[in-house]
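We call the chains A, B, C and D, going by the order they appear; numbering starts again at 1 in every chain.
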Amino acid sequence: MTITRDTLLAAIDRITAAMERDFDMLNSADGALGDGDLGVTMTRGMRAITAMKDDLPNDIGMALFQCAQAFTKSSGSSYGTLMATGLMSAAKTLRGEESIDTANVPELIAAARDKMQERGKAELGGKTVLDSLDYVAKATDGADDMAQAAADAVDQAMVDFRDKPATVGRARIFGEKSIGMDDPGMLAMQSVVKAATGR
Amino acid sequence: MTITRDTLLAAIDRITAAMERDFDMLNSADGALGDGDLGVTMTRGMRAITAMKDDLPNDIGMALFQCAQAFTKSSGSSYGTLMATGLMSAAKTLRGEESIDTANVPELIAAARDKMQERGKAELGGKTVLDSLDYVAKATDGADDMAQAAADAVDQAMVDFRDKPATVGRARIFGEKSIGMDDPGMLAMQSVVKAATGR
Amino acid sequence: MKKILNNPENYVDEMLAGMTAAHPEYYRLHGDSGKVVARAKAGKSGKVGIVTGGGSGHLPVFTGYVGEGLLDACAIGDVFASPSAEQMADAIRAADSSAGVLRLYGNYGGDVMNFDMAGELVEFEDITCTTVLLADDVASAPPEEAEKRRGVAGMVYAFKIAGAAAEEGRDLDAVTAVAQKAADACRSIGAALSPCTVPQAGKPTFEIADDEMEMGMGIHGEPGVWRGKLKTADDIAGEMMDRLLADMPLTNGDRVSVMVNSLGATPPEELYILYRMVKSRLEDAGATIVMPLVGRYATSMEMAGVSFTLCKLDDELEKLLNAPCDCAFWRVG
Amino acid sequence: MKKILNNPENYVDEMLAGMTAAHPEYYRLHGDSGKVVARAKAGKSGKVGIVTGGGSGHLPVFTGYVGEGLLDACAIGDVFASPSAEQMADAIRAADSSAGVLRLYGNYGGDVMNFDMAGELVEFEDITCTTVLLADDVASAPPEEAEKRRGVAGMVYAFKIAGAAAEEGRDLDAVTAVAQKAADACRSIGAALSPCTVPQAGKPTFEIADDEMEMGMGIHGEPGVWRGKLKTADDIAGEMMDRLLADMPLTNGDRVSVMVNSLGATPPEELYILYRMVKSRLEDAGATIVMPLVGRYATSMEMAGVSFTLCKLDDELEKLLNAPCDCAFWRVG
């Protein structure tokens, strides 16, 4: 199976719709542990991508690169920059290709995770979007139904981390108080992955 | 009949007590039409006079001059300055005397009224302390019971002016809205005169 | 509005103690009333003195503007209360270097009475005084009764212009005349969004709903021309400019300085948003803006709101406005 | 907290439009993002550039400090939001005159990521960048994790000192080193009395009872070390000084600058009341106060509250602090 420009466009539509739907939910999750703008960041970024999606090239690397740029320009929030960093990582690997072999997806996600980790200077296990991606990378690796595995992984990450304290970003300051609360960035990745995989 | 240092000291005690009693009333009357400090001004002024009353000289003019100074130093509110101006006017006339012939009281009050009018650049009839003094000056002139006449006059002034609009000082800005409301300065003079005359 | 205070009775004394301690190069206390601030370094001998005075709670007005090219001394009262005549007399004494003293202050009943009385006191000491009153608040009386208007932020222009004239070595009559010209050239209007709390009173100066504003309100909460729903920044600026320009029309080629002043809590961000409209209205009128002043120049502690002041300039006023001045809150040149 | 606004979406654009219109002699917009402010007159060619950036709503921080002897350019985001990496790259470009650029800003996750990314973008254009992060807020992490602390008002000292070093003609490494030294010499703590409202959010950043304060709160309303009854000015100042001096002890003969900063609504009157206690605590410690800064240097729009910053000086830092600088909000020399 392969992912082409068309697959990407369809996923963009679903993710954009999911972000519009989750606007309030993400803002208030971020409001409880941060500055309350994560819904704004995600809708702005996805709207910017949607606005130019018809112009995306067939070169899937270039297409992802332009998606990354849309995030970089539309907001300076941490999450937008992390998303851009992850997309950029995949974009560099895929440059010149017109499709992605799904077999390579776990590796692409793992590489994105690593680049994002470098950018955010945070450890895995800190209850952030990194942990969601880490779960996805590991769960998809060798899975039969990769989409289902990814969707299950983001759910599992939520469950496994809910009762840990936040140690990264604005949420860090809440320390123990963050136990029992979902990390907004993990919630956003849950929505993104489920929309991307059509769950 | 004459007014001596002793008469003055007794009056000071009564006025000081009256101002402590009327502290809230005067502040709130002034709060409704001004800046709400008239109770503060009057208690401060009278406390300052009480504090030095044992040192007041027998020269009744000098004694009144020192009372005026106490007002000048204790506050910069209009009313304090007007009180000081009125006291100063009487003080100048009485300098060197050890007593006041009560027959001269109407004239002394009229003169104080005129000096205060000059100081405040306001007309009579403007619903201010000037009107109260004007009523007192006129009512006491030739009265048998001068004290009673003065006490009645400050009451009458309140009644006659209540339904006129304020045209002077901070209250001016309220214009027609001040109709039906008592002028705080007239209220203060009502208390002062009644306390001074022992009513 | 919450305040950081100790005993409210000591508010002004502590404020002056802190201010003179923080800026000893600019301010010192003069005399023993504890309420008179003078320049740390006295002005040139033979210079006309300029004093002002009024209630506390308006920093930088009044005490803040004591400094070179500005005021020589200032008597300051309790919050929103006139200083006493005695304190004003002391300020006049501090300002005098035998060339006479201009009393330059806002038109408030108590202040006028006390400065008049202070003048009588220092007359005995052979100090000559003149008076110029600021009466720039167009919302406080109609043009026919312009002399009854309150003095607000326009006094900052008068301090600056008179201060520069005195620094030039002009005599008392000349300094007084140009101060009067500056006072006559100023028009102001304010709009308040929230009250402030006078420390000794302990409660807000007025009440206003969360979605309301009051156009034309005075700096102590004196009633304005209307109270109603909070408008947009552009509408507020537009109406304020309308009212100022109706009172002092500008024509093509006029030169004017404009002050967009926060009453306290309103942040510079919002002043800049308002300034766009102020500028475009003045340019529409054909006027040239000289030295726009956007910031906190005359406040009411933590009141939210703004005031605009126009100061119409001729060559003399413009030159004096641009002359150097220096105090802890404002520097030109 | 009431605000004077138009469409909240346009808050920052309108603010920058007004700011550059009011002070064209200091500021100009650079590039086409509309969010990068540069000096009106570019610095000397060959001078090391200094850029900063961060969220709007903190004037004079960040854009206000663009000026001679201070910053060369600044990228500004929405209220309390990081500017984008692209905008920061633009600010770096504006600041570069081929001697390299120091990125000097506060330690906030988003800003760090974006400035790092911006550095990668301009690397392709052969612009060399260094970084110094301000992490002066002692309430935001214990001393063992000092590098995790947030950057607050201490950055004003770093801007001033690094700016003076760059103006002197030092090279990028030297400017970076002295900026780091200044950053290391600063300790800050804040106390909030009331929240502010982010225009696009439309509601206060936090809730706090009428008789409460929060010690150690961050400038975006980040939780502090305790919340409780509002204390007296002297008690507040005393505790804040205790916390600062515990983190950076001073000994006899030390020279230190201190900033008593309003977070916005708190008026200068209250700052001066606090300053008495600050001064006496520093003097008790045997320290000499150099250039005390009392005013609004780093704010959160209309938030009520204060912050104190200590900057411990050696001869080099003191000389650079005293060097001339000039922007619309601050002038030295």
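As a convention for this text, contacts are C-beta pairs under 8 Å (C-beta built on N, C-alpha and C of every residue); 3 or more make two chains touch, one makes a residue touch a chain.
Predicted, not measured: the structure shown is a model, and the values here were computed from it.
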Under the touch criterion given at the top, what is the topological distance in steps from chain A to chain C? 2
How far is the middle of chain A from the middle of chain B, if each middle is the mean of its Cα atoms, in Å? 79
Averaged-CA centre spacing for the pair chain D and chain A, given as whole angstrom: 32
How big is the gap, in whole Å, between where the Cα atoms of chain C centre and where those of chain D centre? 30
Give me the residue numbers in chain B that touch at least two other chains, ranges are fine. none
Could you tell me which residues belong to chain C and also touch two or more other chains? none
Pairwise touch network: line, ring, star, complete, or other: line
Which pairs of chains touch each other in this structure? A-D, B-C, C-D
List the residues on chain D that touch chain C in their complex, please. 1-6, 11, 14-19, 21-23, 56-57, 59-60, 64, 193-194, 210, 213, 230, 232-234, 236, 260, 264-276, 279, 292, 294, 296, 299, 301-302, 304, 306, 331
Could you list, by residue number, the parts of chain A that touch chain D in their complex? 35-37, 40, 69, 72-78, 80-82, 84-85, 119-121, 168-170, 172-174
Chain C to chain B touching residues, read off their complex: 33, 77, 80-88, 109-114, 116-117, 140, 148, 200-201, 218, 220, 222-223
